[in-house]
Amino acid sequence: MVPFKYYVVLSLIIFSIGLLGVLLRKNLIIVLVSFEIIMNGLMIFLASVSYYTKDVQGYILVFFLLALAAVEAGVGLTLVVLVYRKLKRIYTDEVNYYRG
Amino acid sequence: MILEMIVFIYLSLGMIIPGILAIISKNPVHAVLWVLVLILHQAFMLFTLGSEFLTAVQIIVYAGAVIVLFLFVVYMINLKREEIWKVFVKKSPLGFVIFLIFIFFFLKSLTFLTALSPHFKAHLPYDLTQGTNLWWIARYLFTHFLFQFELVGVLLLVVVLGAVFLLRKLKEVEGGSL
Amino acid sequence: MVTPSLNFGSLALEMLLLFSGIFLFLVDHFMKNKNYAFWVSVLTVIASLFILLFIPFGDFTKAFRVDFYSSSIKFLLTIGFFFLLFLSYPYLKTFSALNFGEYYGLLFFSLFGAYVMISSQDFLTLFLGLELMSVSLYFLIASQFLYKRHALEGSLKYFIAGAVSATFYILFLCILYYATGSIYFEEVIKKLSQGHLRGELLVSFVFFLGAFSIKLSLVPFHMWAPDAYESSPLPIVVFLAGIVKFALLAVLIKVLILAFSPLKLELGKLIIPFALFSILIGSLLAIKQDNLVRLLAYSSIAHMGFAVLGLTSGEFSGYGFSLFYMFVYLFTTIGTFALLIYFIKINTHLLNINNLAGISKDFPLCSFLFLIFLFSLAGIPPTGGFMAKFYIFVMLIKAKYIAVALLALLISVIGAYPYLRVIKVLYMDEGLIHYKKKSFSILLTLTLIVATFITLLLGIYPKPLLDFIQRTLFLYLSLQFFQF
Amino acid sequence: MEGLGILSAILWLPLLGILALFLIPREKEELIKLITLITVLLDFILSLILLLKFDYSNPAFQFVEKRPWLDIINSFYFLGVDGISILFVPLSTLVTLLCVLISWYSIEEKIKEFYLALLFTNIAMVGVFISLDLLLFYIFWEALLIPMYLIIGIWGGPRRIYSTIKFFLYTFFGSIFLLVAIIYLFLTFGTFDYTFLVGKALPFHVEKLLFLGFLIAFAVKVPMWPLHTWLPDAHTEAPTAGSVILAGILIKLGGYGMVRFLLPLFPQATLFFAKLILILSVIAIIYAGLACLWQEDLKRLIAYSSVSHMGFITLGIFSLNPIGIKGALLQMINHGIVTGALFMCVGVIYDRTHSRAIKYYGGLASTFPLYAALFMVFTLASIGLPGTNGFIGEFLILQGAFLKDRFLVVLAATGVIIGAAYMLWLYQRVFFEKPSAGVYNLAPMRWNELTALISMVFLVFLIGLYPNPFLDLMRVSVTKLLTNLP
C-alpha cells in the first residue's frame, strides 16, 4: 500500500500549483482553471483520508466538491463571457475601472 | 506493492506535470486541455483510492461537462491576440508573499497531516464485504446527506437560471449610464 | 442504522422561499406587467413571517435544525428583507430595464441560502448555504451592467474573492474532517471539550475566519467591497451590507457557540487585529471617496470591524451586542439607501457627493433624515448607532480590553469625519444647480418612516430589542448545553 | 417619584416646540419664530419656578425623578438638581431665549432648521445639567454636538466649515476618554447612578487614570490651555446665537463637569492633580490675555478673553475650598451673561456692517450712543469693576485661590490687569478715535436686540450689587461637596 503521506504531499503540491496560477496569472480563464486545479488537489486529500480510515464521509465530500467546482466554473464562465462581450477584456489587470 | 507504487508515481506525475503546464501555458486552450489531462489522471487516482463511483462522476462531470464548457467559452471568446510575456503574469509581489505563507504553513503542518490523526473517528464507516463502495456512498448520500444533496441541486439550478437570465434575457440600455 | 428524520414541516419556510423564487422564474416570461413580481414577493415575505411564528422546532436530517436562535435571527432578517423589497420596487421603477421577476427570484434564492446557513448543523450545509447566498448575488450585481457596464467588474471581483473564500473554506473543511473525522458541530465541540486537538482546530479556524472575513469584508480581505458595492443596484447594496453580513455574523456566532465554544477566548484574541484594522482602514479610506455608495462601502467595512469586536470577549452577552449592532446598522443602511434611491431618481449624478451641495434647500426633509442616518452611522447620540457602539465598548472594557476599546474609539473619531463631510456638503455648501422634485413613492416614505423611527428608538430606548436578543441567546445556550 | 416632574417638563418642553415646527410649512417664518419664542419663554418661566421652589437649605438632590431605562446595564432615567446645578438650568433657558431674540432678524435662510437646532440645543443643555445618571449625562453631552455643529457650519462666517469640523472632532475626541472612564466606573460598581458613586473608594492608580479620562473631556470643553485652539475658531465663525450659546453654556459644561464629577468622584486624584491644573489655569489666564492684545478681530478677541476667564474658573474650582468653588460657580454664570452679551453686541454691529475687524470701526460712540453705553457696561463687567457681577466672581476666586497658593494668585492677578488693558483698549479703538467711514447711518437698534441686551444689563447689576441669594443657593451643596475631599 502506498503510504498515506504520499497522498497528502501530492495533494498539497497540486494545491500549490493551483494557488500559483490564481495568484500570478492574468488571463481570467486560466485563473478559473487554476481554481479547478485547487479543488482537485483537495479532493485527493479527502478521498485518501476516506480510503485509509474506512469512512464514507470523505468520498461524499469529494462528491460535493465536484458539484461546487461545477458551480464555480459556471458562474465564473458566465461572468467572463459577459466581461469579454461588454468590456472586451480578458486580463485581470485590465479590468481596473475602479481604483482605491 | 511495487506495482501500486509505480501506478501512484505515474498518476501523480500525470497530475503534477499537466498542472504546471496548465498554469504556464500561453494559450488558454492549451491550459484547458492540460487540465483535462490532469483530471483524467486524477479520476484514476480516485479509482486507486477505492471509489469507482467518484471516478465515473469525475470523468462524466468534469471531463465531460466542465472542461467542455471551458473549451466552448474559450472558442467563443476567440482570443486572437498574441500573448506577450509581459502581460502573461502579474508582477505581484503580494501574490508571491501569500504563496510563500501558504507553503510555510503546509511545511509546518506536514507532520500533523502525514500521520493519521489519533483522534480520527470514523463516523460513517463502511465495510466492503457488505456492499460496494458505490452502495455505501449512495446509502449515506440519500439518508444522512439528503439535505445537502438537495441543496446542491438547488445550487446548480440557480447557476443555470442566473446564467440564462444574465446572458439571454437582459438587453443593454443604450446610452443608459450611471 | 439510524434513519434520519425527514420532517418536512421544519423546512416549510425555506421551501416557501425556494418555490416562490422558482415560481417567479417560471412565470416571468408570460407576464407583461412586471409589477406582479413585487406583490408576489411581498405576499411571500408576509407568509414567511407567519410561518416563522408558527413553525415547530425540529430537525431535517442531521444537517438542518430549526431552533430558537435560528428562528429569531430569521425573524429579524425577514423584517429587514421586507423593507428591502420596498426599496427595490421604486428602484426598479426608475431603472425599468432591470424590472424582471428574476430579480426578486434571485433575491429569494439568496435569502434561502442565508436561512439554510443559519439553520445548518454541520459545516458542509453551512458552506452550501453560503455559496447559494453568494451565487445569486454575483448575478444580481452583474445585472446592473445594463446601466453601467463596469458593474461587471465589481461582480467579477466579488466572484474571485468569493472563490478564494471558498478555497479557504474547503481547506478548513479538509483539516477539520481529517482531524475529527466528522463535519458536525457537535463532534467538534466534543473533541474540544475533551481537551484534544486544540492547536489543530485553532489553525483550522484561522482558515474559517479567513473565509468569513472575505465575505464580511474585513481587512485585509476588503478590496472587493467598494467595487462590488459601487457596481450593484442600490437595493442589492443594502442586501450585501445589511442582510448578508447580519446573516454571516449570526452564523459566525452560532459556530463559535456550538462548535468552538471551548476555544472562544483564543478565537476572540484572533479576531481583534482583523477588527481593529478594518475600523482603521475603513475609516481612513472613506475620507477620500467622492461616490456616496463607495463611501458607505468603506464605512461598512469599518462597521463590520465594530460589530466583530463584540465577539472578542467570548461572553455570550457580547455576541448579543454584536447582533444588536448589526440590526441597528441594517436599519440605518435601509434608511440611507431609501434616500439615495430617491436622489438617484431625481438625477443619477447625485450619488457623487460634490453634486449634493446645497441640496438641503430644495429637499429639506430628505436632508434632515439623511442627517439623522449619518449621525447614526457616526455613532453620535441620541441615535441607534451610538447605543450599538456603546454596548460593544461596555463589552470590551468588561473583558479588560481597554486598550482595544480606546484604539477603536480613537479611530472612530477619524471615522466620523467622512460623515461630517457629507453633512457639510449637504447643508453648508452653496448649491449651483437646483433639482426638480419628483414624486416620493409611498413605499419609500413608509420605509423611511420605519427606518427613522427604529434608528431613533434604538438610540433612546433599545431595551426591548436587546432583551429579545439576549434572552434568545441565553435560552438557546441553556437548551443547548444543559439538558433538562 | 410618580408623574411628570418639573425637571422633565423643563427638559422636554422644547420637544413640543420641535414637533410643532415640523408641522408648520417653512414659508410661515413669523409663525415659526413666534412658536419658538413662546416655547422657550415657557421653558424659562418653568425654570424660574424651579428656582423659586428650590430649597436652598437642603444639600441633597431635589425634584428627583428616577425611572428604569436600560435594565440590562442598570442605567436609569435619573434627574435631579442641587445647589451646584440649580443656577445653570435657568441660565440655559435664558440663553436660549436670548438667542431666539437676537437671531430674530439676523438669520435669513433656513429659518426652520435654525430654530429646530436651537430647541434641540436647549434640550441637550438642560439635560446635561440635570441628569444624574452618567450614561444619560454622556448622551446629552454628545447630543449637544449635533446642533452646535450645524449652527456653526450652516449659519456661520466664511471659514465656518473648517471651524465647525475642528470643533466637532476636538470635542468628540475628548468625549471618548469620558466614555471609557464612565464604562469603567460602571463595570467597577455596576451602576451609572451618580449619587451611588459618590464617595466610593477606588485604588489610587485607577482613580488617577479615570480622573484623567474625565479631565480630558472637560478640559477640551472648558477649554484649558493646551486644548483651547478650537475655541477661537468656533467662536469667531459661529453666528451670533452660536457664539452666545458657546460662550454662555457650552464651555460652562466643562467647568460644571469638573465640580460635579471630578471633585466628588475622585478626591484623591483631585488633590494629586490640583497643582498641575492650577498652573495650567494660570498659564491660560496670562497666555490668552496676552493673545487678546494682538487680535484684529472683535469676536476672536472676545473668544480669547473667554479662555482667559475660564482659566479663572478652573483656578477657583481647584483651589478646593468653599470660597473658590462658590466663586467659580458664580463666575460661570457671570461669564455666561457677560460674554454672551458681548457676543450679542458684536452681532448687533456685525449685522449692520458685516465686518468684524477692529480696524473697520472707530468713533462708534458718537454715531451709536445707546449701543456704546450698553457695550460699556459689559466691558466693565468683563474687567470686573466693583458693582458689576464680574467683580464678585473674580474676587471670590482670587480669595479662594489665595488660601491655596499665594504665588499663583499674584500671577493670576496680573491676568486681571491684562484683561483690563485689552478690554479698555478694544473699547477705545472701537468707540472713540475718529469715526470711520463705515459707522455712519447705522440702523437704530431693534426691539429684540434692546430687550436682550437690557435684560443682560439688569442681570449684570443684580448679581453685582446683591449676590447673596445666588451664593446662598449653592452654599450647602458646596459644603457637602467638599466633605468628601480628604
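Should a chain be cited, it is by its letter among A, B, C and D, assigned in written order, with residues numbered from 1 in that chain.
Note that a residue touches a chain if its C-beta (ideal position, glycine included) is under 8 Å from a C-beta of that chain, and two chains touch if they have at least 3 such contacts.
Worth saying up front: this structure is predicted, and the values here are computed from it rather than measured.
S.K.: Can you tell me which chain is nearest the middle of the complex, judged by mean CA position?
M.R.: Here the chain at the core of the arrangement is C.
S.K.: Measure off the straight-line distance from the CA centroid of chain B to the CA centroid of chain D, and report it in whole Å.
M.R.: Taking the average C-alpha coordinate of chain B and of chain D, the gap between them is 70 Å.
S.K.: What whole-Å value do you get for the distance between chain C and chain D if each is reduced to the mean of its CA atoms?
M.R.: Each chain's C-alpha centroid was found; their separation is 43 Å.
S.K.: Please work out the Cα centroid separation of chain A and chain C, and write it as a whole number of Å.
M.R.: Their C-alpha centroids are separated by 27 Å.
S.K.: Where the CA atoms of chain A average out and where those of chain B average out, how many Å apart are those spots?
M.R.: So the centre of chain A lies 5 Å away from the centre of chain B.
S.K.: Quick one: which residues in chain B touch 2 or more of the other chains?
M.R.: Correct list: 113, 120, 122-123, 145, 148, 152, 155, 159, 162-163, 166, 172.
S.K.: If you look at chain C, which of its residues touch at least two other chains?
M.R.: Residues 124, 128, 131, 135, 138-139, 142, 145, 149, 178, 181-182.
S.K.: So, with touch as defined above, which chain pairs make the list?
M.R.: Touch list across chains, by label: A-B, A-C, B-C, C-D.
S.K.: For chain C, which residues count as touching chain A in their complex?
M.R.: Result: residues 124, 128, 131, 135, 138-139, 142, 145, 149-150, 152-157, 159-160, 163-164, 166-167, 170-171, 173-174, 177-178, 181-183, 226-227, 230-231, 285, 288 of chain C touch chain A.
S.K.: Quick one: in the complex, what on chain A touches chain C?
M.R.: Residue positions touching the partner: 22, 28, 31, 35, 38-39, 42, 45-46, 49, 53, 55, 57-58, 61, 64-65, 68, 71-72, 75-76, 78-80, 82-83, 86-87, 95-98, 100.
S.K.: Enumerate the contact residues on chain B facing chain A in the complex.
M.R.: The touching residues are 1, 4-5, 8, 12, 15-16, 19-20, 22-23, 25, 28, 31-32, 35, 38-39, 42, 45-46, 49-51, 53-54, 57-58, 61-62, 65-66, 69-70, 73-74, 76-77, 79, 83, 87-90, 92, 95-96, 98-99, 102-103, 106, 110, 113-116, 120, 122-127, 133, 136-137, 140-141, 145, 148, 152, 155-156, 159-160, 162-163, 166-167, 172.
S.K.: Enumerate the contact residues on chain D facing chain C in the complex.
M.R.: Residue list for chain D touching chain C: 26, 69-73, 109-110, 112-113, 135, 138-140, 142-143, 145-146, 149-150, 153-154, 160-161, 164-165, 168-169, 172-173, 176-177, 179-180, 183-184, 186-187.
S.K.: In their complex, what parts of chain C are in touch with chain D?
M.R.: Residues 360-361, 364, 368, 371, 375, 380-382, 386, 390-391, 393-394, 397-398, 402, 405-406, 409-410, 412-413, 416-417, 420-421, 423-424, 427-428, 461-463, 466-467, 470 of chain C touch chain D in their complex.
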